[in-house]
Every structure is written in structure tokens, then in C-alpha cells.
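Here come two complexes built around chain A, the first alongside chain B, the second alongside chain C.
This part shows the complex of A and B:
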């Protein structure tokens, strides 16, 4: 077993274990912290896949913004964080069966695919994926339109989020 | 030397764990966490296919960047809805949010 395989296996175990903790642990703050561990593991997977920019973006966007936003939401809905009852709804057995069946089905489908065991192709030393990505995101021949649409979507969603979460009663009070 | 299959199995397992979280958890914030896990597994798949199948075309990474943007938008709107509902109903349990039910 090579070093890269060992790194991959350890990271996978960490990701899957912490993802299981996210969906099963009772305390929501702990679930959010386990989510941070899982997201960091995915960043490590990106590094193993030679996608350095995405690894940094994963840490900055997911861990730096999204996970912190979740922790704030949990703290703002405080009574729920100490909820002592069961944290799963009565249909959790069905949910488990659906998830297990989907995993079995996906694995079976993928194992029938001829490209399933594609070996790692060499990246030529002259190619620069980061430069390629940067140019693809602003080039009219590539992805400038989807990229701008995603930007507009993000701005619209953030403005909408402010409007939805705005407490007008408090605003009128003073 | 890792074959592509390892990444695909990892992504499938992560997706199914996230799906279980979405279907089984009561709390709306926990459901959003499950969605985050599913989006992350999709990103692993996109980047793995880019690296193994078409390393000379950057499409996989470009789409992963867009998944990032959509995930940020989704979680911002979702959490704003959760906070707004909590303010009016004092609950974030998905089963108890049934104002639209006749």
C-alpha cells in the first residue's frame, strides 16, 4: 500500500465516520462540529485529486462560512439545541432502508460500468489546472455565462435571506 | 495508485448518509446539514471524474465551483427560513411546520 492510498483510506474513514455522527448525534452543536470534520476531510480528498483551489475554497466557503452560519442558526433557535426527545422521526427505519438500498444500487450500477477501475492518468507537467480554471470561468467560450448566473443567484439568495430573516416587529418598536 | 472506483464508492456512501440524514432527522437545521453532505459527495464525484476521465478539460472543477455557489445560496435561504419560522412558531421540527396543510 502506498502512502497516497493510506492517506485516502484514513480520510475516507474520517469523512464517513463524522458524517454518520452528523446524522445520528443528538446534540445539534456537536452535529455541526462533526460536519466541520467531514467537510475538512473532503478538502483533503480534493488535495489528493490535485484540485488545490477547490480544497482552499472548500475550507473558506464551507468551513468558514456555511458551518459557522449553521452554528449561528442553532444558537438562535436555542431551545432546540437542548431538545431531549428522539432526534429522528418515526420513519427513520424506512429512511435507513432507502439509503442502504440506494447505496447498494449505486455500487451495483457502478461496478457494471466499464470505466469503474480507470487508473490515474498522468497530468503533464506543463498543464496548470489552476490557470485553466481561472480562464475557463471568465472566458466567453467556456463558462462565463453559468458563472455569472451563479453569481446573480447567490446575490439574489442572500438578499432574499435578509428579507426573510428580517424581524420587522423589532424594527418598528424603536 | 488509487483507482477511480474508490472515489465513487466514497461519494456514494457519503451521499447515502446525507440522504438518511435528510429523511430521518426531525430538526430542519439537521436536514440542511444532510443536504450539505449530499452536495459534498457530488463535488467529490465531479472532481474525481475530472481528474480521471478528462484531466485536459477543466469542466469538472468549473462545475464544482458552481456547486459551491449554489450550496451557499441554499444554506443562506434555508437558515433564514428556519429562523423566520422559529420566530413565529417557536419550533424548527419539520413535522410541526404544517401551516399549509388543510
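This part shows the complex of A and C:
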């Protein structure tokens, strides 16, 4: 077993364990903090895969923005943090069936995938993956259209948030 | 000669190789030794920072500062640490024990993480990460998490309020900071901090003074230091998120804050003041470490200068300054820099540098004009006569007044 495999195994155990804690712990703030651990583990997996940019982006976006937003939402919602009700509802059987079917289907699909057996292509140390990613995002032959569509979507979301939060009473005053 | 650290590293490597270890384990051992060495050195400087901070604040406030223990009070920080260590450790009732104890560790550890990418000299650096600038932002995100954990786990309303304020401030000021950080990235054509230092044959401070100023202001806000210290405003919320912490747990927050200030100085020195660059630093890399720390400590002094000269800013002013002033300004300067970077020729460096500097001056001048007109408008608005409360005589006058004002 190489060092990379050892790191991968340890990280996977941490991710799965903390993901399990997210859904089983009763304290919602603890659940959010366990989610942070799981997301951080995914960032470690990205580092193992030589994808430094994705790892950092994972930390900035998922831990820096989304996890903190969730913790805020939980803390500002009254008494949700000390919820003592049952953790499942009668639909858990269906949820379990759907999850099991999805897991089984994915496993069946991926078992036929050739990617597991082909060795990793060597990345030359001269190539800068970040530069290639940046150029691919703005190149017309690559991903410029999805990139721009995503940007427009985000701008629309920003404007929508401003419209919702706009205090119109100020204009009505005079 | 001139590079003892690399020499020691080479010697250790050959020694370990002589013992017959395989190369993978040797590189692992060397990496661990490097991490321990940098972390220990930084934490040792941190102890000194307590003395520096107390001595300089004393000068600003026309006092002497610590002067009893040792020459110039140099042993004072050790006494401070001993005091913190022997203090009683209190766990508030209803506190979340695990999260409560984890938060101060996270607060100090995230600051240490930043030193992994700071190049101390041309040969002495942790790693030249190709996403170095983004890494600094990401570590800032994790330190926000530590503050939330401290505020929530303390089971104290002031701690929670302080944490809310801190997080609102850190998340807001991250926006202009990230945008302004992109300017040196554009100029150096790389996000790696070592590459950015290598590209600074002219310090970026002289080419891009406005982004440097924006990064300094937003960094002070990220630090939560005055004038942005409403996160621990003593008169409003006692001490903010670390109100319940005693002894060495408080000490970790305090050490983290001081070290963070020096680290921010180091980051700005790396991005805008040429990092380790200085006369003779290319041939004698150990001199680079010296220059780096001189610049970092100078910026640390600037941060303290601001801290002890300005009063605390109000929370709405804090948010207005960020969203209505710093963010548009940093966006404008980023667009101007990106366009000029494509237009200006890079080969004679003088044209590039002068063009960028001129653009910065013009943008700064326009900003000042806009601010001036804004000030004039605000003064006029504030100066206008306002309705004054008067004793009401009868119900009839009130109804007539309300009807006349509504019509």
C-alpha cells in the first residue's frame, strides 16, 4: 500500500464517519460542524488527486460560505438547535429504498467503467493545471458558454436578493 | 554560504540517506521537520509580539509600558504567559464542552496555516502553491468558523452577538479583499506567492497603490482590530466571542490575534512590498528573511498605528464603507488593471509601471471627487432645518397638522 492509498483510506473513513454523524446527531449545530468535517475531507481527496484549485475552491465555497450560512440559519432559528423530537418520520422506508436503489445502480454502472483499471496518466510538472483551467473557461472551443450562463444566473440571483431585501418604505415617505 | 537553512536541510537529508531509509520516508521526515521548525519559530516570535504590542501602545499613549522585568521589560511576556497558565480554567454552565475547547485551537492554528505559503526568502519557503492567494482566502474562511464556534459554544448572549458581528464583518470585507488581491495576481501572472515576489522587480506598492490600500483596510477589518473592533466592543458586548474564556484558552485567542496581525503584515509585504527582496538578498538568501521580517514588522506597526489612533466605527458605517465604497472601488481598479495589462507592453518595464501608476492616480482622483460631492450633499442634507418637537396645545392643531402634511 502506498502513502497515497493510506491517505485516501483514512480520509474516506473520516468523510463517511462524519457524514453519518451529520444525520444521526441530535444537535443541529453539531450536525453542521460535522458537515464541515465531511466537506474538508472531500477537499483532502481533491488534493490527493492533484487538483489543488478544486480543493481550495471546495474550502472557500462549501466551508467558507455554505456551511457558515447554514450555521447562521440554525442559530437564528428559535430553539431548532435543541430539537428533541423523533429523528425519522414514517417515510423512512421509502427514503431507504430510494437511497439503496441509487447506491446499487451507481455501483452497478461504475463496476463496468474502465477508469478503475487504467493507470493514472502522468501529469508533467511543467504544465500549470490552473492556467489550463482558466483558459478552458474562457475559450470558445471549451466551456465559455456554460461559464457565462452560470455567471448570468448568479447575477440574476444577486439582483433578486436585492429586490427582495429592498426597503420600499423609504420611497413612499415623501 | 548565506543560506544556512538549506545547508542544514541538505546535511540532514544525506544523514538520513546514510542510515538507509527510503527516499519517500526521508522526504516525509524532512517535511515534518520543516513544519515543526516554521511553526515553532513563528510561535516564538508570537511571545515577543506581546512585548512589542504593549511597548508600542505605551508609546502611542504617552506611557512607558512594561519596564520592570529585565532590560526594557523584555521578560514581561514570559510573566504574562505564566500568569495565563496558572489561571483557573472555567467552563461556563450550559457550554458545549468539545466545541468550546476546539475553538481557541482553531483560532491559533489557522494563523499558523498561513505561514505555509509565505516565502521567507528566495530558497526558504513552505511551498509555492499555484493557488497561494486563494489559499490565504480559504484559511480566512476556516478562521471565521473558529469564531462562530467560540461564540456559540460559550452559551453567552454577548459571545453570540460578538460572533455574529465578527462573521458579518469578515464575510463582507472578504469581497473587496479578494477583488483587490487579484490585482497583484494579474500583474505577476500567477497566484503562487513565490512567483508574485519574483515578479516584483518594482514593488507592486508603487505600481498599484490603491489595491494595496484596499487590502490593508480590509485586512484590518478581517483582524477585527480598531477601528473595526466593534466585534469586541467593550462598552457594548464586553469582550465579544471570547468573553467566557479564561487562562491559556484566552491566551490562545490573544496570541492568535497578535500573530494574525504580524501574518497580515507578512502577506501584504509579500504581495505589495516585494517580500524578501532587498539589496543582496539574491546572493545571500538569509538576508531575505531579515528584509521580510523588517517589512512585516513595519506593516504590523502601521496596523497598530491605525488601531491606537482611530475611534471605533459604527456598525452601519462599517457596512456602508465596505459595500458602498471599497467594493465598487476595488471592482473599478480591477477592471482598469485588467484592461491596461492587455494594452500596455510589458517588455520595457518602465512604461508598464508608469501606466499602471497613472491609472491608479486617476482612479484615486475620481474617487476623491465623488467622495467630495457626496460629502457636500450629506452636509446639505444634515444642515437643513428639521421639524422640532413642540408642546402640543390641542387636538385640533394636531389633526390640522397631520392633514396638511399628508396632503
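Here, the second predicted complex is superposed on the first by the 154 of 174 C-alpha atoms of A that agree within 3 Å, B and C clash if a C-alpha of one lies under 4 Å from a C-alpha of the other, contacts with A are read in each partner's own complex, and residues count from 1 in each chain.
Assume a residue touches a chain if its C-beta (ideal position, glycine included) is under 8 Å from a C-beta of that chain, and two chains touch if they have at least 3 such contacts.
Being a predicted model, the structure only gives us computed values, none of them experimental.
Residue contacts after overlaying the shared chain place A:100 against chain B, while chain C stays out of touching range. Look at A:3: by the touch rule set out above, it reaches chain C but stays clear of chain B. Once chain A of one complex is fitted onto chain A of the other, the partner contacts of A:146 are limited to chain B, with no touch recorded for chain C.
Residue contacts after overlaying the shared chain place A:115 against chain B, while chain C stays out of touching range. A count of residues in chain A touched by chain B and by chain C gives the higher number to B.
When the shared chain is aligned, chain B and chain C each come close enough to touch A:53. By the touch criterion defined above, A:63 lies against chain C but remains apart from chain B after alignment on the C-alpha atoms of chain A. Using the contact criterion defined above for the overlaid structures, shared-chain residue A:133 touches chain B, although it does not reach chain C.
When the two structures are aligned on the shared chain, A:77 is found in touch with chain B, with no touch to chain C. Residues 53, 57, 65, 72, 129 of chain A lie in contact with chain B in one complex and with chain C in the other. Here chain A touches chain C in the complex through residues 3, 27, 29-30, 33, 36, 52-53, 56-57, 59-60, 63-65, 67-68, 71-72, 75, 128-130, going by the rule given at the top. The touching residues of chain B, when paired with chain A in their complex, are 1-10, 12-21, 23-27, 29-30, 32-34, 36-37, 40, 43-44, 47-48, 50-53, 55-56, 58-59, 61-62, 64-66, 68-77, 79-84, 86-87, 90-95. Interface residues of chain A facing chain B in the complex, by the touch rule stated above, are 2, 4-5, 8, 12, 15-16, 19-20, 22-23, 28, 31-32, 35, 38-39, 42, 45-46, 48-51, 53-54, 57-58, 61-62, 65-66, 69-70, 72-74, 76-77, 79-80, 83, 86-89, 91-92, 94-96, 98-100, 102-103, 106-107, 110-111, 115-121, 123, 127, 129, 132-133, 136-137, 142-143, 146-147, 150-151, 153-154, 156-158, 160-162, 164-165, 167. Contact residues of chain C toward chain A in the complex are 24, 28, 96, 99, 129-131, 134-135, 137-138, 140-142, 144-145, 148-149, 152, 160, 164, 167, 171, 174, 191.
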